[in-house]
Amino acid sequence: MKQWNTILAAAAIALASSTAAMAARTDLVLGIPLEPPHLDPTAGAAAAIDEVLYANVFEGLTRIGQRGEVLPDLAESWTISDDGETYTFKLRSGVKFHDGTDFNADDVKFSLDRARGENSVNAQKGLFAPIDTVEVVDPATVKVTLKNPLGSFLYNLGWGDAVIVAPESAETNKEKPVGTGPFKFQSWAKGASITLVKADGYWGDAIALDKAEFRIIPDAAAAIPALLSGDVQALPNFQLGDALAQVKADPRFKVVIGTTEGETVLSTNNKRKPFDNLKIRQAIAHAIDRTAIIDGASGGLGTPIGSHFAPHNPAYVDLTGTYPHDVAKAKELLKEAGYPEGFKATLKLPPVGYARQGGEIVASQLREIGIDLQIIPVEWADWLKQVFTDKDYDLSIVSHTEPNDIDIYSRKDYYFGYDNPAFNKVIDELNLTSDEAKRTELYKQAQKILADDAVNGFLFELPKVGIWDAKVEGLWENSPIQANDLTKVKWAD
Amino acid sequence: MSEAVHRKPETLGGFVGRALGNRSFVLGLLITLVVAVMALASFFWTPFDVTRLVVADRMQPPSSVHWFGTDHFGRDVLSMIMVGSRNSIAVALVAVGIGMGVGVPLGCWAAARGGWLDETVMRLNDLVFAFPALLSAVMITAVFGPSAINAIVAIGIFNIPVFARVARAGALAIWPREYILAARAAGKGQARITVEHILPNIANLLLVQGTIQFALGILAEAGLSYVGLGAQPPMPSWGRMLFDAQTVMMVAPWLALFPGCAILLTVLGLNLLGDGISDIFDPRARRRP
Amino acid sequence: MIAYLLKRLLIGAATLVVASVVVFLMLEVVPGDPARLMLGMNASDAQVELLREQMGLNQPLIIRYLDWARGLLSLDFGRSYTYSVPVIDLVSERLVVSLPLAVIALTLSTLIAIPVGLFAAARRGKAADTAAMAVAQVGVAMPNFWFALLLVYVFAVWLRLVPAGGFPGWSGGAWPALKALMLPAAALALPQAAILSRVTRAALIEVLGEDYIRTARAKGMPMRAVLWRHALRNAMIPVLTIMGLQFAFLLAGTIIIENVFYLPGLGRLVFQAITQRDLIVVESVVMLLVATVVLVNLVVDLSYALVDPRLRMRQ
């Protein structure tokens, strides 16, 4: 009798869960690998903040669309003065923050001034540095004057760090974010999940979901069972590596491989011996077999790159043939550089799958030509301190996920330690050029210089691996910025 | 328990015969020897080179070429288990060494001197015991960076109080014995008595505790490597192999199966060995049917 | 008895003070800057310095220790650097996962281990005893995270009876929350049960050899009655000791299992806090755990006295 009870109970549970799955759904559980440290996109660099809140809870004057295009958002339209220095934004009317306060030009001035102010802890403060003044013309019009013309200004306003916040709630956004978006924040169970619900009276198009939960699942090992057991219905951007094989063939799921802005590079300390020697860097470039790295570190999904530029960008040139995989040539170059026996060096790896796995393969490949790498795994905090800030490293692997960031190679004191006046000249020219054809030409020059100098080991463009229930529609295929835009997401019947 | 040494000893043959008659001991010794031989052999020969990644051969199921299949980098799993055993054994063994090396003198000293010194040593022991071992290991590796050496230190520190307690308890039971009193009357110092009379009599206790801590050390090392805080690549370790395997458990179950079995068998073998030794030395056990 | 209690309390307090110094100093030397981590790669050094000032990281060491220690005494654990909420809130959020998990696991392990121990002790040397202890040996040797993986694949992925991980919280009802804790509790409990059943068996066999038990048996008392009425009661001391240790272990030592099931428990809180250099959280939680162990040991010591009247007399 007792046994029967258990069996019946189990059957009842199974039944209950299957009927629930058949009903038309308006809720979605998404798995994300990292938990945001807090929920204010204007006060932290963590991508996880934007992945939850961008376009869902917070909106900016402009926004970035699925293909990386700039779209109007809280600014309905704008005009740019002929000298390119004054932007006049016409704001949307009838927009309310989730706490019921009205959105108007004062909020825009407040947000932009706060982001560039002296006490700003905005992680991308540099984006706002070109702003000279922000003026409220009338409640629905804002005039922004720049110190000098800037081709990417509208794009920059679309970053998550530039979203509009209200003075009433700005201080408490970290805990209880209040924005103007289609979803409002409901709850945050720390370490477990963040729940958003549909906001009343949203100004934009109607949205299909009533509730969205972002569940924090730290690694692929846990994400796959969660997906297979139906606990989560979407892993919009998860570096799954080999685990992908388990769901690829399953008709219950859709696997969508898209692009990101992440150039994954073998960061090289160009200031440190022997990496300051071009021949050494060329030898490393020849020793690297991108195919093996892509297979082992990204489940075969990454796109090889030959310079620091995204392959889906129109200005991209394929430079992967600059230093083809050639072990003999690599050994030859090592000998010419005065290291016929090779040498020892360190490889510091941040705690992400592509770096840790890619690192093992790179180490194995460089061992073939006599470079003996000691692998040192570090946490992000250590990585930022040792590698990025103190530049105490030989080699590292990291994906630079900011869009269009080839200019980092011209930054003074950047952690690559690269300094090439010819390259800097190209970037300076680029900043002053607005003609598209000319810009493309300059981008190509820049890519070529970096490839020839073998500044870093250019490995692959990080793929965006998204998996979701076959019935879910409207999630982004690519990842032009770090976001999980849910405004168009719905369940097919 | 410690009577064995001072009651007029049985013949060596009798002792060996008793040992061989103990099922736990024989089975445990057998498994332990197999693992030890595997670890030693890996220094001279493994079926494949574990530092060479052949990504093209990745995730091949067990076959006549790769008996245990290959992993996500195309490495031979059998070879990795062989080399990994070296790592497990080394970490656990050195950690036991640290625990014994520091803990036993401390425990004997405390037992010999008694009084406030004894109290202090035991309170320090409690202090270490009060720390959550795994969390502290995580903290230690956060400070010094993850590596096999730091895993050894982390595990070793928590072995110290264990051996100190066992040694002290064993020694305290022996100090009041008549032959110790006789030795003291003969003018022998505390240190000399400890070395000549106490240590031989608690050696069996320490040996048993040693095998237990050895087994626990292997489990702890596997756990630390599993969360990425143990041995670092390219050195294979069983815990890391399991971590790497779990994402592909459904397409490549052998990757999770073999390292898991390796840990289980090794720990099982050591525990059986410990039980066996304890049975052989424990006179009461001999009365058992 | 009172003098004994006072002495124990005093020792406990001293342990906590020394532990707090050790923990604080240890985390002082952890490399990495929490402010830089929060601001990321594009922030300037001046900005990082500003945030450090705001977070109170630029105060001298001794001031920070005293501030922290004073806070601990009044149960004010300070504010988390990364989450910028009071640490006590974070801890209590995690305790509603860790505490039930530890209690369920311990209950489960006790419910399995004591009967198995009794069963084996009563049939000492027979095939059933050998078989039970062989299973226990395997249980002791099984890495619990490996066992957890197997459980996930069988019960969550194939049978879909319980979730593969995560924790829905108690607000959605007790049943979904309990369901989420089932596999982790089982994964934690079985190896513990294996240890506990061996201890129980050994303790019982020890007690069964004593004179008064033999007398009871000789008087014709049935084995079952002897076991339950006399032996188990007297065998409780080692069993309780192990249970006390296991509870402390279960509360904090579950980092690995929490990782497998991505449960938002205390262990993972500390693990994450270490990687995020949220040192104040690490310090406070470790202290809390140390305090728990000290308290549990105290309770176990005292319960000896209750279980065994002879010990009570001796004190």
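Which chain is which? They are A, B and C, in the order written, and residues in each are numbered from 1.
In the analysis below, contacts are C-beta pairs under 8 Å (C-beta built on N, C-alpha and C of every residue); 3 or more make two chains touch, one makes a residue touch a chain.
Keep in mind that what you see is a predicted model, and the values were worked out from it rather than measured.
Asker: Once you draw an edge for every pair of touching chains, what topology comes out, line, ring, star, complete or other?
Answerer: Looks like everything touches everything, fully connected.
Asker: Identify the chain pair with more contacting C-beta pairs: A-C or A-B.
Answerer: A-C
Asker: If I average the C-alpha coordinates per chain and also across every protein chain shown, which chain's average lies closest to the global one?
Answerer: C
Asker: How far is the middle of chain B from the middle of chain C, if each middle is the mean of its Cα atoms, in Å?
Answerer: 23
Asker: What is the distance, in whole Å, between the centres of chain A and chain C, each centre taken as the mean of its C-alpha atoms?
Answerer: Centres of chain A and chain C (C-alpha means) sit 38 Å apart.
Asker: Mind checking the centre-to-centre distance between chain A and chain B? Centres are C-alpha means, answer in whole Å.
Answerer: The answer is 45 Å.
Asker: Quick check: what residues of chain A touch more than one other chain, meaning two or more?
Answerer: Touching at least two other chains: 219, 221, 351, 379, 382.
Asker: Going through chain C residue by residue, note those that touch at least 2 other chains and give them in order.
Answerer: 31, 153, 157, 259, 274-275
Asker: Using the touch definition from the top, which residues of chain B touch two or more other chains?
Answerer: 142, 246, 250
Asker: Help me check something: in the complex, which residues belonging to chain B touch chain A?
Answerer: 51-53, 55-56, 58-59, 72-73, 142, 145-146, 228, 232-234, 243, 246-248, 250-252
Asker: Would you tell me which residues of chain A are touching chain C in their complex?
Answerer: The touching residues are 10, 13-14, 17, 35, 37-38, 44-46, 119-121, 123-126, 174-175, 189-193, 215-219, 221-222, 225-226, 228-231, 351, 379-382, 384-386, 388-389, 402.
Asker: Mind pulling up the chain C residues that touch chain B in the complex?
Answerer: Residues in contact with chain B: 11, 14-15, 18-19, 23, 26-27, 29-31, 125, 137-138, 140-143, 145-146, 149, 153, 157, 209, 248-249, 251-253, 255-256, 259, 267, 270-271, 274-275, 282, 286, 289-290, 293-294, 297.
Asker: Flag every residue of chain A that touches chain B in the complex, lowest number first.
Answerer: Counting only chain A, the residues touching chain B are 219-221, 224, 240-243, 245-246, 291-292, 295-296, 351, 356-357, 359-361, 363-364, 367, 375-379, 382.
Asker: Quick check on the complex: what are the chain C residues that touch chain A?
Answerer: Result: residues 31-34, 36-45, 47, 50-51, 54, 82-85, 90, 93-94, 152-153, 156-157, 160-161, 163-167, 169, 259-262, 264-265, 268-269, 272, 274-277 of chain C touch chain A.
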